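After this come two complexes, each holding chain A, first together with chain B and then together with chain C.
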Partner chain A sequence: MTFELATEVPLVIDTLERLFQPSTIARIIVEGLGKAAVYFVLAVGLTLVFGLMGVLNFTHGAMAMLGAYIGGLIMVLSVSDGTGALVRIALFVVVLAVVFALLTGFGSAFEYSLIRPIYDRTPMYQILLTFGVALILEEVTRIVVLSQGIQPEPPWSGAMGTAPAVFTERYDILGAPIRGLYAFEIVLGIVAVVGVWLFLNRTLYGLYIRAGSEDPEMVEALGIDVRQAFTIVFGLGTGLAGIGGVLLMWDPLWGPSALLAIDVLLYAFVVVIIGGLGSFKGTVAAAILVGIADSFTTWLFATGIVTFTGLPELTIFGLLVIMLIIRPQGLYGVEEVGGH
Partner chain B sequence: MSVLELEDVHTYYGESHVLQGVSLDVEEQEIVALIGRNGVGKTTTLRSILQLTPPQEGTIRYRGEEIVGKDTHEVSNDGIGWVPEERRMFGYLTVEENIRVAVKPDDDFEAQREYVYSLFPALDEFSEKEARNLSGGQQQMLAIARGMVGQNELLLVDEPSEGLAPMIVDQVVDALETASEDTTMILVEQNFPLAMELADRFYLIDHGTVVESGSTEGVTADDERIRRYLSA
Partner chain C sequence: MSSSDEHWIRSYGRDQFPHVLVVLGFALYPILLGVLNRTPLASEASAFLPGLTFMIIVLYMGLFAISFDFISGYTGYLSFGHAAFYGTGAYFVVLAANGQVPGVPEGTPFMITMLLGATLAFVVALAIGAVSFRLTGVYFAMLTLGFAQVMYEFIRHWGYVSSNPTEGATIPSGADMSIGVPFVDSLNFAVGRLSGDSFENVLGVGIDVSATMTSYYALGIVVLLSYFVMQRIIHSPFGKVMIAIRENEERARAVGYNVFWYKMGAFATSAFFAAIAGALFAAYAGGASPDNSFYFLVTADALIMAIIGGIGTLAGPLFGALFHEWFEDILSTESDGLSTYLEQLLPESVLTAEVAGLTINDFIGTFLDGRAPLYLGIIFVLFVLFVPNGLLGSIRDRLGGTVSKRLPATLERYRR
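So, the complex of A and B:
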C-alpha cells in the first residue's frame, strides 16, 4: 500500500475545478446516497437491538454475510443467461423476502436459546457470546462454500453476475456516468427508511419498542412481555442485516464473501456510533454522512490526486474518531440508552 | 377475601437480606400506607409484589392466587398497577403515547384515554407534548394516570409527593383520592402526615419487617410507637 499526495499544482487545481462541476456533484451525491441506503439497512438492525436490549450484537456482520450468500445461491440457481432484467429484479425482491424471513427466524431462535439466558450477566458475556458465534458462522460459511468449489475470498463472481444489465450499466445524470445499481439501492433505502419509521411510529409494537428503549423494566411493569419483544426485535434486526447482505450481493465493491462478516460489522458500528446508539433518526443521518464521505473520497481516489487505496476507510473511521471526541453520544444519541 | 396478602416474605438484593419476613394484607377499596425510614424495605415490598425483585421465600397472594414466580407482565395483567418512585416517564414519548403504552391491547384505548383525561384535564391539554418537557407535578399526574388505565384493581404508589412543591402536592393528593374511588391502593410515602391523611390503615416497616400496624385514625407523628421508628 502506498500513499502519494500529488504535489503537482495543476492537478490539484484541475481536481478542484472538477469538484464543483454539476456532473461531479451529481456523481458524489447519487453514489453517496446509494451507499447511504445500504449502510442504513446494515446499521438499523444493530441500533434497534442495542436501543431496546442494550446488546452489542457482534453477529450482525455475519448475518449480512449469510444474507449475501443465501441471496446469491437463490439467484444463481434461478437465473440463466436468457433470464430477462424484469424477471431478475422480481427474483431479487423474492430473495429479499426469503432472506428476511429466514434470518428473522434464525435471529429469534438465536436470541431465545443463547442470549436470553445471559441477560442478567454483565454485557461482557453478550459481547463474548455474539463475537464467538460470529466467528463460528464465518468459519462454517468458509467451509461450506469451499466444499462447493467457491472461494470465500474474493467475492463470489457467479452471484454478482446474476445482476441485470440495467444495474451494471452506467447512465448519464447531469453528465456523470452513474451505475444503475445505485439508483435501485436509493429506492430500496427509501423503502427501508419509511418501512422502519412506520413500524416504530405507527404500530403498537413499535411504540412498545420505543418505550422499552427508554425503560424496559417500566414497560414490563405495564403488562408488556419485554422478553418476547427482545426476541422479536433481535429477529427483525437480524432479518434487516440479511437484507443488507442481499443489497451487497450485486455491489461491485462488496459482493458475497466471508469478509463481509467483519467488514459489514465495522461499517455498521461506525454508522450506529456516529448517529447515536439506539437512535433511528441518527442512523439515517449518519448513513447519509458516511455514504457521502465514502463517495467523495472514492471520487477523489478516481481523480488520481490521491493514490492511497484506503482513503475511504480512513475518512470514515476518521469521522468516527472525531465524533467520539466532540460528541461521544453521537448525533442524536442520549446519554443513556437501553440497559436493563 | 383480601385483595392482597403477603406472608413471611423474604427478598434479597444479592447478599443483602432486605425483606426479612414481611406479612401484610390489603382489603378491597382500602388505602394502606407503608411507612418507615429510608432503606427499610418499603420500595422493595412493592417490587416484590410486582415480581421485579422476586422474593426467595414466602407467599404473595393476589385475590387468593399465588403470584410469586409469575413474570412481572403477568402480574400487571392480573390488575396490579405501579406508580413508581421518580415517576419514570417515557420522556421521549408524548403524554398520549405514555398512556397508550399502559392501556392493554384488548382494552378500548379511546375510552381509557377519555377516562384519564376526565380525571386529569391538564393532561389532555399537553397530550402531544413529550413527557420530559412536563413539570414535576404534571409528570406525577401522568404517572398516576398511567397506573390507573389498564383496568388495574390494585395500585402500588411509591413516594408520590417526593420532590414536589406543596401546592403541587395538593393536586397529587386530589389525584390519588380520585384514583382511590376506583382502585385499592398501597401507598409508600415519606411524608407522614400526608400518608396518614390518605390512608385507612398503615404498616410501619423497620429493618425489613413489619413492626407496627393499625388504623390511621388519630395516629400522629408524636405517637410513641411511631416516633420510635421514624426518628433517625
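So, the complex of A and C:
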C-alpha cells in the first residue's frame, strides 16, 4: 500500500466533511449508545463475579445463549401475528424477569455444586471448570434446539420475528435513518446501569461486593460469610448474562444462536478488561467506548470509506490490545484485583 | 537412579524404555489396524479403534497441545491465544506454497517453509510476550487471547490471503509438500490427505503403504523430533528455571534469575513448535482456514487435550490428544463409528422400537452421532474436578516419579 498524496488527502477531507454532518453524528451516537447498552448488560455480570471472587466465568456467554433461547421460546409461544406492540413490550419485560429468575437460580446452583469445591486451587482451575461447563451447555442447547427442528446457527429467525414493528422500522433522527430498537436498547441500558448501581450502593450484598473487590480477606475476617455472598453474586451475574441474552434476542446483529456462547463471552471479556476487571464504573465507560467505536467503524465501512469487512471486530479487539499495552489494569481497574 | 557401576548406555537406555514403547506403539499401530481389518473383527476394529486419519490428527494436534503445555504447564502462564502461533505456521506454509510470501520463492521445500514459519511465530511470540509478560494470571491469559483474536479477525478478512478469506486458503495441487531432507529426492515423502506419496510392494515383501500411511509416518517423525527437543529443554537448567517460575516466581527472581527473559524464551520456543504443528496440519489438510487455525476453539482443543493428558507433563498432552481423537472418531459416522456399528449390529425391530416416543435409531442419531464435544466437555469437567493432574500426571503420582525413572523399578518389583 502506498500513500498517494493526490488521492488520499482529498479522501480524508471528504471523510471529515461527511463525519461532521449532523445526520452522521446522530447516527454514530445513537447506534453507538444502543450497542453500548447491549455491551454493558452483557459484561456487567462478568465484572461483578470477577470483582468479588476473582473467578473469570467462562460460562457467561453460554448463559446469555440460554437466556436468548428461553426468552425466544416464551415470546414465540405467546405472541401471535395480531399481538400489538405494547403487549409485546410488556411480554418482553415479563420474559426479562422470568429469565433473570431462572438463570439466577441456575447460576447459584452451579456455583454451589461445582465451583465451591475448587476455590482453594489456582485461578486457572476455575477458568477450566467454567470453560468445560460452557462447552456442555452449548452442546446440550444444540441437541435440544435441533430436536425441535430449529437450526442452532444461523440465528433463530422465529424468535427475532416477535419484535414489534416499531422496533424494526427506521426513524428519522436529524436526517439519519435509525432503527427503533436502538432507542429501546438505550432505555433498557440506562435502567440496567441504574439498577446495578443501586444494587451495589444501596444493598448489603452490594456492600460486600465493593468491599470484597477491595480486600476479600479482610471482608472474611470481619465475619461476613463470603461463600454465601459468592453463591448469590454468581447467581446474579448469571442472571444478568441471561438478561443480556434476552436483549440480543431482537437484535438483528445477534439473535438467538449457539454461536452466542463464544461470541458474547469474547465481547464481554473485551468490555470488562478495557474497563478494568471488577470495576463497575469502568464497565460503563468501556461499554460506551466500545459501542461508539463499533458504530463509528461500522459507519466507515457502510459508507465505503474503508473496504476492509472485518473493521468493527478488528477495532474492538484492537482496542483491547492497545488498552492492555498502555494501561494493563484497564480504565478504572485496580492492579492485581481479586487477590492474585 | 541407576547404580554407579552400570554402563551409562545401559542406564540411558533404561530411562528411554517408556519412550521406546510409546514410539513402537505408534509405529506398529497402522500395521495392527491393517491386520485386524483382515480378521473377522474388522467391523469392531473400525468402530472402536481410531482410524489412521484420526491418528494423523493425534500427531499434529498432539504436538500443538504439547507446545501449549510447554508454556502453560511448565511456567504456569496460561497461553489462551496459542492458536495464533498454530495459525501463523499453517498460513505461512500455505501462502509460501502459493508463492505469496515475499522473499520466499515458489517451490521452496516444505521443510524450509515450515522452519521459516516457525521462526516467524518465534518472533511474533517475542513481540506478544514483551507486552503480555508485564501481567500475570488471568490478565496474561486474556491478553494473549486478545492478540489471537485480533489476528483471527484480521486473517478472516484479509483479501491478500485468497479471494474468500473467511474460507481460508488452499495449497495448489501441484505444490510439493514433502517431509524429509530438503533437496534430496529419495529422502522426501510427500504428505497430504489426497496428494501424499504411496508405495506399493515396499522392499518386495508385499506391503503396500498408502498415502495416509506415508503422511502418518512422516508427520510422526517430525512430531517425535520436536518432542525430544522440548523434552531436552525441560530437563535442561533452562527448564528447571521454568518450573521454578511456576512454583514461585518471586523466589526465582530473588535467587537471581532474570525471569522475564526465561518466560520470553519459553513462550517463543513453545510458539515455534506450535507453528510446526500448524504447518504439519496445513500440509496434510492441503490448506487452512481461520476457523481451524487461528480460532479460540483451536486453543480450547489443546487445552482439553493437555488437561486430560496431564498438564505439566510433556508427553501427557499427546495421550490427551489420542483420547480426544479416539472419542471424536468413534462418535462420528465419517469413518464407521459407534453409531454405524450399532445400526448394523442391532436388528431392525430393536432400532425402530419406541421408548417414550423416541426410537433407538433417533436416540443414536441424537445422542451419539457427532456428539463428541458434549461427552468431551463432561469428561473434561470431571477431570478438572477429580483428576486435576490428568492421565500421565496421576500415573506419575502413583509411581512416585516420572514414568521413565520409575517404570523399570516398578516392573522389577512385580517380577519377583
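Note that in this section the second predicted complex is superposed on the first by the 324 of 340 C-alpha atoms of A that agree within 3 Å, B and C clash if a C-alpha of one lies under 4 Å from a C-alpha of the other, contacts with A are read in each partner's own complex, and residues count from 1 in each chain.
The criterion applied here is as follows: a contact is a pair of C-beta atoms (placed from the backbone, for glycine too) under 8 Å apart; a residue touches a chain by one contact, two chains touch by 3 or more.
What you see is a predicted model; the values in this text were computed from it and never measured.
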Chain B versus chain C as contact partner of A:Glu214, first or second or both or neither: first
Per-residue contact with chain A, leading partner among chain C and chain B: C
Contacts of A:Leu222 with chain B and chain C, given as first, second, both or neither: first
Touched partner set for A:Leu204, first chain B, second chain C, both or neither: first
Which superposed partner A:Gly132 touches (first chain B, second chain C, both, neither): second
Shared chain A surface residues [contacts with chain B and with chain C]: none
Complex interface listing, chain B residues touching chain A: 50, 52, 71-73, 76-77, 82, 84, 88, 90-93, 97-98, 100-102, 104-105, 146, 150
Residues of chain A touching chain C in the complex: 50, 54, 56, 114, 117-118, 121-125, 127-129, 131-133, 135-136, 138-140, 143, 146-147, 262, 266, 269-270, 273, 277, 308-311, 313-314, 317-318, 320-321, 324-325, 328, 338, 340
Parts of chain A lying in touch with chain B, wherever the complex brings them together: 204, 207-208, 210-211, 214-215, 217-227, 334
Of all residues in chain C, those that touch chain A in their complex: 76, 78, 131, 134-139, 141-143, 145-147, 149-150, 153-154, 156-157, 296-297, 300, 303-304, 307, 366-367, 371, 373-374, 376-378, 380-381, 384-385, 388
